[in-house]
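Naming follows writing order (A, B, C and D), and every chain is counted from residue 1.
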Amino acid sequence: MPIMQSGESNFRKQLFQIIFESDTRAGKTFDIVLITLILLSVMVVFVDSVPHLHQRYGEWFLLSEWVFTLIFTFELALRLYCLERPLRYLKSFYGVLDLLAILPTWLSLFLPGAQSLLVLRVLRVLRVFRVLRLMEFVGEGRLLLQALRRSQRKILLFLITVLLIITIFGALIYMIEPPEAGFTSMPRSMYWAIVTLTTVGYGDIAPVTPVGQFISAFMMILGYSILAVPTGVFSAEVIRSIRDERYSDEACPGCGHEGHERDSRYCRLCGTWLDEESEDPNAPEESVEQDKAPGDD
Amino acid sequence: MPIMQSGESNFRKQLFQIIFESDTRAGKTFDIVLITLILLSVMVVFVDSVPHLHQRYGEWFLLSEWVFTLIFTFELALRLYCLERPLRYLKSFYGVLDLLAILPTWLSLFLPGAQSLLVLRVLRVLRVFRVLRLMEFVGEGRLLLQALRRSQRKILLFLITVLLIITIFGALIYMIEPPEAGFTSMPRSMYWAIVTLTTVGYGDIAPVTPVGQFISAFMMILGYSILAVPTGVFSAEVIRSIRDERYSDEACPGCGHEGHERDSRYCRLCGTWLDEESEDPNAPEESVEQDKAPGDD
Amino acid sequence: MPIMQSGESNFRKQLFQIIFESDTRAGKTFDIVLITLILLSVMVVFVDSVPHLHQRYGEWFLLSEWVFTLIFTFELALRLYCLERPLRYLKSFYGVLDLLAILPTWLSLFLPGAQSLLVLRVLRVLRVFRVLRLMEFVGEGRLLLQALRRSQRKILLFLITVLLIITIFGALIYMIEPPEAGFTSMPRSMYWAIVTLTTVGYGDIAPVTPVGQFISAFMMILGYSILAVPTGVFSAEVIRSIRDERYSDEACPGCGHEGHERDSRYCRLCGTWLDEESEDPNAPEESVEQDKAPGDD
Amino acid sequence: MPIMQSGESNFRKQLFQIIFESDTRAGKTFDIVLITLILLSVMVVFVDSVPHLHQRYGEWFLLSEWVFTLIFTFELALRLYCLERPLRYLKSFYGVLDLLAILPTWLSLFLPGAQSLLVLRVLRVLRVFRVLRLMEFVGEGRLLLQALRRSQRKILLFLITVLLIITIFGALIYMIEPPEAGFTSMPRSMYWAIVTLTTVGYGDIAPVTPVGQFISAFMMILGYSILAVPTGVFSAEVIRSIRDERYSDEACPGCGHEGHERDSRYCRLCGTWLDEESEDPNAPEESVEQDKAPGDD
């Protein structure tokens, strides 16, 4: 994220705080207004894509499209104005999204077909994640991300296995089924294998030979059962993350019991004082003096 | 829930207990008779909606519809009679349901089309949840609700992510697939994206271009895998809720802290001995003798 | 299960052991031969149901059908012969299955159409569960059943909620969608609601109006998400069952730590002797005598 | 895996290390080059299966097919050369895969149709699992396999139950639905039952009678709910496997028992003090002094 130079004019500094940060009241308001505008602009793109609404209200949609484009262009100009290194922002993830949201409309002045790219404006909804920071979703998100990070290698292993199953069964069904049933090439057969293993089951391609149906049935039961793998892995990691957030790893010096809640001060089993950085207020005066050597940490 | 005034006539008091509470035998019987009538009335609506049954037995269905309407009207009248503030009940959730269940039939006297709204009677089945209280489902329900409440923010975060995936992939497929394949507008493309990501897979719209099928395959595997997220989150919270049942409600006599694990012997915050039925082995010899009165339980 | 009288002839006693019990070698062999015959007879029913195989080998299938019927009749006769109360067995679950497996063939001598009921022979495959007892599946099965029993009320509550969702959304879509789209009656609309909520998605009925598709999309995401509920509940109970099988509930008398593995003899945290019925071999001679009062339990 | 004789020529020894092991840099490079070649050769098979690409670039694909065949033949020759018992390797799992990947092309010199078996080359992608060993997927894979091994009997029991449900409901629907709806034979009805229970829902066969649709609806809800069983079982075992990582491998110096939880301080079987880096607080004063030699670590 871009950082403000300290010797900057006060106005740019304030603008930066409003646009890029969300600690201040103005910053929060800016974020909420912006996400509302983004959602509205996406809504217009949506509604405009419906043929009979486009025919009726097409001109109004074009007008609002230009209004949103002007607003977003002004917003992007402000962003670039208050940054030290505007070009670096334009190359960042959100910078590219900002550009993609306004470029199609501007381009349509020169290239008539460019307007069809307006759909890209949809990508700007990803800014929702920035707004979620405002609400108290940070902790929840961090916990989920931690569990995902911990389980990612296991889930990657699972996905590789799934891809191998799909490749091999796709090839198998391609050899068995006739092209008339829709299995005209190996990529199509793999598409079918994915549709079947993930239990989606469009039905646009379905095996017609008994052997093909048998393989198909086997894949369905397989896909149905191995769903347990990513779920099991992720469940285990969420449980671990929740536990880690609540329980300390340190053992009680008295009885060795682990897994005290983080704010515990006494071992809940043997009553030993847990907080080594301060003294037990319950301890008898004399014994403390005896136990506590002068150079004790 | 409405409360009875104490100076009320005895009859209205008793009626209130029967209709609104379920502690007494009469109250339980009332609840069971009522839910049976509701289920029967819904059954009639169901059977009446089948064309060839409607043609044959239509008159009988109309008759029973009026019988149920009269019964439910009488029931609602009783409810309002025994309440202090009947209007407030009519505006409550169950009050609206009670009205919706009888209004269509009465309205049909003046408006011939109103009868088609009789389907709304189905909503009254929600009273089932009141009957479940009679059986011993309270604990189970509370545990599930607690787990839901605890996981709601994480699941909301998951749903927002799912909606973003659907929006973006719906827009993507709308740009790629031709309208002839059924992707005639963005809402329809999003509908397809939902059908695919949730692994429902109707097959009423399916991509026909190779790129569209590739994106489709990617979405299927994604939807298949990320199902692990809500499942993992909810599993973890159910486990925690079950475990929490082992937390005691009793407060520490030393510092008043509540929510000790049931097998705790010392308060984890102030170190006070919690188990009142036995003695603290850590306590200094003399103090035990002082604390322990002869007649102590 | 039927019990043998003690004064019975030795032959009937042995027969009973072979047929109804599986402790002896002969009993195990009997069970395995029987399940093989059952699976073979079901296989014949299967293959016979395929039209072109029936035309070709129909006579052979009829012959083997009679062979299996004669064997199963003889087996049933033996069962009834070695039992004290044969009628009670005939009314039991497995007794009814035994009868259903042979009756259609015998009935076909008098009633030509009765043979089509031969499909009922399939029900006899349920005897597989008796054979599983032979292998070491008992422990696994008991654990799963225990987890199911513990979670059954929660899952019942979940199923009731699912049925309510299906009823209400089925009624809703019935009001919205035109009959031409396939929503001709409320039962059919509920059928569609089940197909959608469970993410099966046949596609034989699909909403055509935008509002109907919106409701449909909502139901898909709902069905996709609430799958987490039974899974989470059952996961939690399996985890609890596995833990219960391994860990003791008794607390250490020294430090109060719970959750020792069942075969532990010393507390793994404070080293206290756990087995109260015998003495600690490590304990110093004198201290044992002091601690142990004469009347100690 | 084949073992090298010690008196072998140095070159064959080195070759063996490069081809069969992956400790050395050369061995790792060999593995990565090989898997890249395999993936490329599979890609060619894929692309070649698309009709219009085959027509256009068919000759180039044939050329590259021969190039890959020659490379893989040379690789197989090297493998056999550096092994003591080459025949045993040819009969091993990976040996058969190696043969299947080159045989179709060589056979096509004599048998024109043999080339269609080239699809079998796809099976070689299973070598991916050998490459995963290079990356640090070993621990993850072992944990997943351990959890699978532990849950396999429970999941087998689940699969047997699923197969019984499919058999019985397939037979039921076969008796109820007319052949015109697609239920022409029992195997087809079972195929439908699998499609329905696993929530795949192709829609190529769907019940048309009300009773059939009711049974169908029941199966969908059943299949939707019992998915919780394998997921719950596997979740529990993954959690146990992750937890087991906290079990120590070190044996108790007192009784030799292995598998203590990592935070144990006393052997749970013989009560011996386990933590060698500190002193046993329970030990009698004098014995500590005796046991503790001055230079003790």
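What we mean here is this: contacts are C-beta pairs under 8 Å (C-beta built on N, C-alpha and C of every residue); 3 or more make two chains touch, one makes a residue touch a chain.
The chain list, named the UniProt way, goes like this: A, B, C, D = Ion transporter.
All values derive from a computational prediction rather than experimental measurement.
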item: Between A-B and A-C, the pair joined by more C-beta contacts; value: A-B
item: Interface residue overlap between copies chain C (Ion transporter) and chain D (Ion transporter), same or different (over half shared); value: different
item: Distance-maximising chain from chain D (Ion transporter) - centres being C-alpha averages; value: B
item: Length of the line joining the C-alpha centres of chain A (Ion transporter) and chain B (Ion transporter), rounded to whole Å; value: 28
item: Chain centre separation (chain A (Ion transporter), chain C (Ion transporter); CA means) in Å; value: 40
item: Contacts with 2+ other chains: residues of chain B (Ion transporter); value: 158, 187, 190, 199-203, 223, 227, 231, 233, 235-236, 239, 263-265
item: In the complex with chain D (Ion transporter), residue positions of chain A (Ion transporter) that touch it; value: 153-154, 156-158, 160, 164, 167-168, 171, 174-175, 184-187, 196, 199-203, 206, 210, 213, 216-217, 220-221, 223-225, 227-229, 231-233, 235-236, 239-240, 251, 256, 258
item: Touching residues on chain A (Ion transporter), where the partner in the complex is chain C (Ion transporter); value: 199-203, 231, 235, 254-257, 269-270
item: Of chain A (Ion transporter), residues touching chain B (Ion transporter) in the complex; value: 42, 45-46, 49-51, 116-117, 119-120, 122-123, 125-126, 128, 132, 136-137, 140-141, 143-144, 147, 155, 158-159, 162, 187-188, 190-191, 194-195, 197-204, 223, 227, 230-231, 233-239, 242, 260-261, 263-271, 273, 280, 282, 284
